[in-house]
């Protein structure tokens, strides 16, 4: 038996609904239909009145969740695609994110963003928005890369008294499998050394963790041991674990799937450069998507985002330095 | 079809109970006016008020009428920019306003946010964000949660919005969603003819905003916002309908704000014809005339209430004036309630 | 008040001119159906289509009727997800659809965007973004600019939107703005009863979306979207009204999409009662019956047109199949038109 | 005679309207009233029908501008405050920013964002959103710091065939004065060495340029010559000028007023660390606002943003290294 990343997300919601009557799920087509990706399949039947179809109103969906949270509920909002959260952007960054700071009222909402690229999805069904939300104070931004993290981090999100932007990667939904959900190990906010190594560190997150691991496999054949750090949470960011890894390897490549200007990779490099400059034996490097919208055709899409190949190339340059 | 003729009071409406509420509401309106006049003069004097001042003069009857129907501790209220009178009617202490305007560390916003953005969400009074339209869905969500958690009983939620803010997508999405969920929400549109300097004809093209009600499938009530009796009648009916399961209630009131958008604004863009038309009447004067005509109060009584209101406000000002302002060194500078997730290193 | 009874055709409407347009529209609908069936089968066969396929089966009459009134080169058109028939009626070549669906480098989107997101803005056909509701203001803006620049003459703009997308704030803001500016825009709401799997009762609470018209102060037209004659009559009147300076026109048509949201979806959520009700009629079959009954065409003629349409589509498919797909090494990877501002170093 | 930063913005719009009939201005209260800040004072009268009051509909305002641009107009959209552009966010990043790339149709629109903090304005009238918009491909993000730049860069923006997010700083509106608008010197995309120096470089932009210059004055008395680089345009970012300055000084402090996670300062540090690592004689540093919403009370506000004092402190630490 095995479970997928998508099943982890479904099961975590099941468990959250089961264990806390204050939890409800709100999103387009998530009721009887089970959601565009089936992440809520069967939940509406099992929890009548608590898994509800929303109108196509992302702004109101988020505002509604905030109001419900004030009244003691713990809503989970599903955006049909991360890209459409742009319409709920204002309620996320100005309503949800400021509530606690302004009024001392906790805002325990979880917004699920089906994120990232898949072949043939194009500019509006492929975006990674973690860097946008992480810029604002008051939000927790999670980017699970494994089945286990998808499960436990979603459960943790619902329990957290702060707004969580839960960036689940669509590319991992069906492909990524595990034997079980495993144990609840790392708390929110901690990064994980996904693979130990000593010649260079790749800091990455979400689907790119798997590309980086494969790149590390490939570099191993060339005699290099690459350490891969899975951020898990891009805000807060576990600087200690990153610095610990760079201290071991002296070399840093940051890989992200989102747009290249600013964002997670710039933040990681800034932290390392400002805090651990002297640990670096070579200039740090970063690899992101190209600076255009995300292309539709698979040929272009593969060239737009980092891949095993481009990560290997970058690592070779980094190691050669 | 929802009538575009405003609902008015007849003699039959003026029951003793109605009269009692009328008088109580008037006193809230009067207190609000007194407080706002003080805020205005503190602003002009300079030095004590932080930032701008945004007043609800002229909109007291419309604002307070709905809030008077609410039960603090059960109902939800999300006042907007012109709702000083409604806030008072809902039980917001004068000190909340003063502390927020003066940026006192003791106030509900602790100097972090100011003026009209105050509230106590955990006590059912939402603290508005500036983005117009954004609070409607928040109220809807609070009502939804009450229903989900079985704590709704006959609770309602109320919020207001200006003529200008009806143009926001946020307003549209929220009222539509509330209608789908059939939530007991009262949305008061205060059509004061202007959004900052922009007149209705540059804001919408319908003959009357009340026609929006049918488009959303919600009940619509049109009222002269300068007429306290009519406002009270409508508010009582609309709130009762919401409590009874009638779903969202859209009230559209017409009036003028008797002042600028904020105290920095002289409102020179409001033409005299409008200022001196019926829509520009002062709801307090209208109410005073009415009370006297009905024999519900004498001029002397009204003056005595005014004196009392002034004394209360003066006392509160002198209290708050002595209170501490925020100390940046004692600030926690933490935007998350989960302290363990606040990054300890210098971000 | 705008009537909630749909507008229908009477004998008197069936002028020779009307008949000619009816036949021409039918042929566009038929071609659209043929193309979409091909797209569906290419999708199921796998390998040639990139990404998903989103079809307008069942909505051809409603879609094409408006687009038939437009003059390419003068008017503006922003088709949406179910507007294959309208696109054809507006003059979009079959190859634009195929090249976009197949991600050909030769198509208007050059493999950068796909399926229904195609367009040629500089020729008056906007290329929709996915975010529902977002195109309405774009059309309004194009019309505004035509008026500003003195190039408007009697140009109009048309766009469509689903029942689901009426819940977006974007739609609300745009129709309201267009009404304020009194722009000659035709907004067709294709109420196909569902937004993906979500039925009307979870989307809005009004009896009929047509009541929204009055709330915005725009003209409203209700029509049975499966009845080509009625659709044409309404489209002709509404477009003429817009050309004549009547401001925005809101047309609400009812129908069902005869298929899934996309070809990946079996639409099991649509109950049989709905499928086999009047709203679920196939507008092509309704039109065929009508043409034959009116003596406007024979079965044999219709079949001949069908054959012709199929040949055209097959030819286009075999042409486009041989065309190059995009080459990432030849891509310019530049999101700005000002090349001098594109950062040359590796971003 | 002298002109203010605000007058520069008004005059640039006057000139744009005067010289090109395709230009129009759209925004709330900008017509007869002349705008919340009076940046369009008198323009409606001088250009009838071309300076129009918009409904409170930021999403539609931007969408409208895009459609108008397709038809050959060159709209200027005024947001009443930068903060409210969050409601037009989707049309900016997904409609305007992708139009050219998707359809080969240029999108010459200018969106003016009255940005940045002023005392007593609070969390929703003080934001700096340049980092948010710069993350997306397809937008040009300008942040003028001087009267001259406010004038010439706004004129350049309107002429540019791409969407420009024009971040004008409210704090400079009335205070900042110059003798005249000067000459049109630097093109869009070029940074400017606002003050030459040799001990350390401060890279900054917008209102913080002036804080940095004052900090440089103060450090001068301590014997240090601080070079101040004014980015002018945060996207594209003039990496060459930044690297040139760091090559001279060997030390880098980046100062920004916006939130600390990611954003302009992280982007600058990433570029310098990855491209000019060996030019750095000390770890680079950055200074931004604190990671909370922007406070209302002036006491808190002054502690939230960088100031001359905190820039001097940071520079002293940097120089001591």
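Chains: A, B, C and D, in written order; residue numbering restarts at 1 for each.
In this text, a residue touches a chain if its C-beta (ideal position, glycine included) is under 8 Å from a C-beta of that chain, and two chains touch if they have at least 3 such contacts.
Keep in mind that what you see is a predicted model, and the values were worked out from it rather than measured.
A.B. asks: Enumerate, in label order, the chains that touch subunit B and subunit C alike.
C.D. replies: Output, common partners of subunit B and subunit C: A, D.
A.B. asks: Which pair wins on C-beta contacts, C-D or A-C?
C.D. replies: The greater number of contacts lies at C-D.
A.B. asks: Take the average of all CA coordinates in subunit C, do the same for subunit D, and state the distance between these two points in whole angstrom.
C.D. replies: The separation of the two C-alpha centroids amounts to 40 Å.
A.B. asks: Roughly how many whole angstrom separate the Cα centroids of subunit B and subunit D?
C.D. replies: One centre to the other, that is 36 Å.
A.B. asks: Whole-Å distance, subunit A centre to subunit D centre, using C-alpha means?
C.D. replies: Centre-to-centre distance between subunit A and subunit D: 30 Å.
A.B. asks: Pull out every residue in subunit A that's touching 2 or more other chains.
C.D. replies: Counting only residues that touch two or more other chains, subunit A contributes 54-55, 57, 59-60, 83, 86-87, 90, 94, 97-98, 101-102, 123-124, 137-138, 261, 275, 290-293.
A.B. asks: Residue numbers in subunit C touching 2 or more other chains?
C.D. replies: 109, 112-113, 117, 129-131, 167-170, 173, 176-177, 180, 202-204, 334-335, 343
A.B. asks: If every chain is a node and each touching pair gets an edge, what shape is that graph: line, ring, star, complete or other?
C.D. replies: Topology of the interface graph: complete, with all chain pairs in contact.
A.B. asks: Write out the stretch or stretches of subunit B touching subunit A in their complex.
C.D. replies: The contact residues of subunit B facing subunit A are 76, 108-109, 112-113, 117, 119-122, 126-127, 129-131, 134-146, 148-149, 151, 169-170, 173-174, 176-177, 180, 334-338, 340-343, 345.
A.B. asks: Hey, which residues of subunit A end up touching subunit D in the complex?
C.D. replies: Interface residues on the subunit A side: 83, 86-87, 89-90, 93-94, 97-98, 101-102, 123-124, 131-132, 134-138, 235, 258-259, 261-267, 269-270, 272-275, 277-278, 280, 282-286, 290-293.
A.B. asks: Could you pull out which subunit D residues touch subunit B in their complex?
C.D. replies: Contact set of subunit D toward subunit B: 28-29, 31-33, 36, 52-57, 59-60, 81, 83-84, 86-87, 119-125, 260-261, 288, 290-293, 295-300, 302-304.
A.B. asks: List the residues on subunit B that touch subunit D in their complex, please.
C.D. replies: So the residues of subunit B in touch with subunit D come to 50-52, 103, 109, 111-114, 117, 129-133, 164-165, 167-170, 195-198, 202-204, 269, 325-329, 331, 333-335, 343, 347.
A.B. asks: State the interface residues of subunit C toward subunit B in the complex, per the touch definition above.
C.D. replies: For subunit C paired with subunit B, touching residues are 1, 167-173, 176-177, 179-180, 182, 201-207, 209, 211-218, 247.
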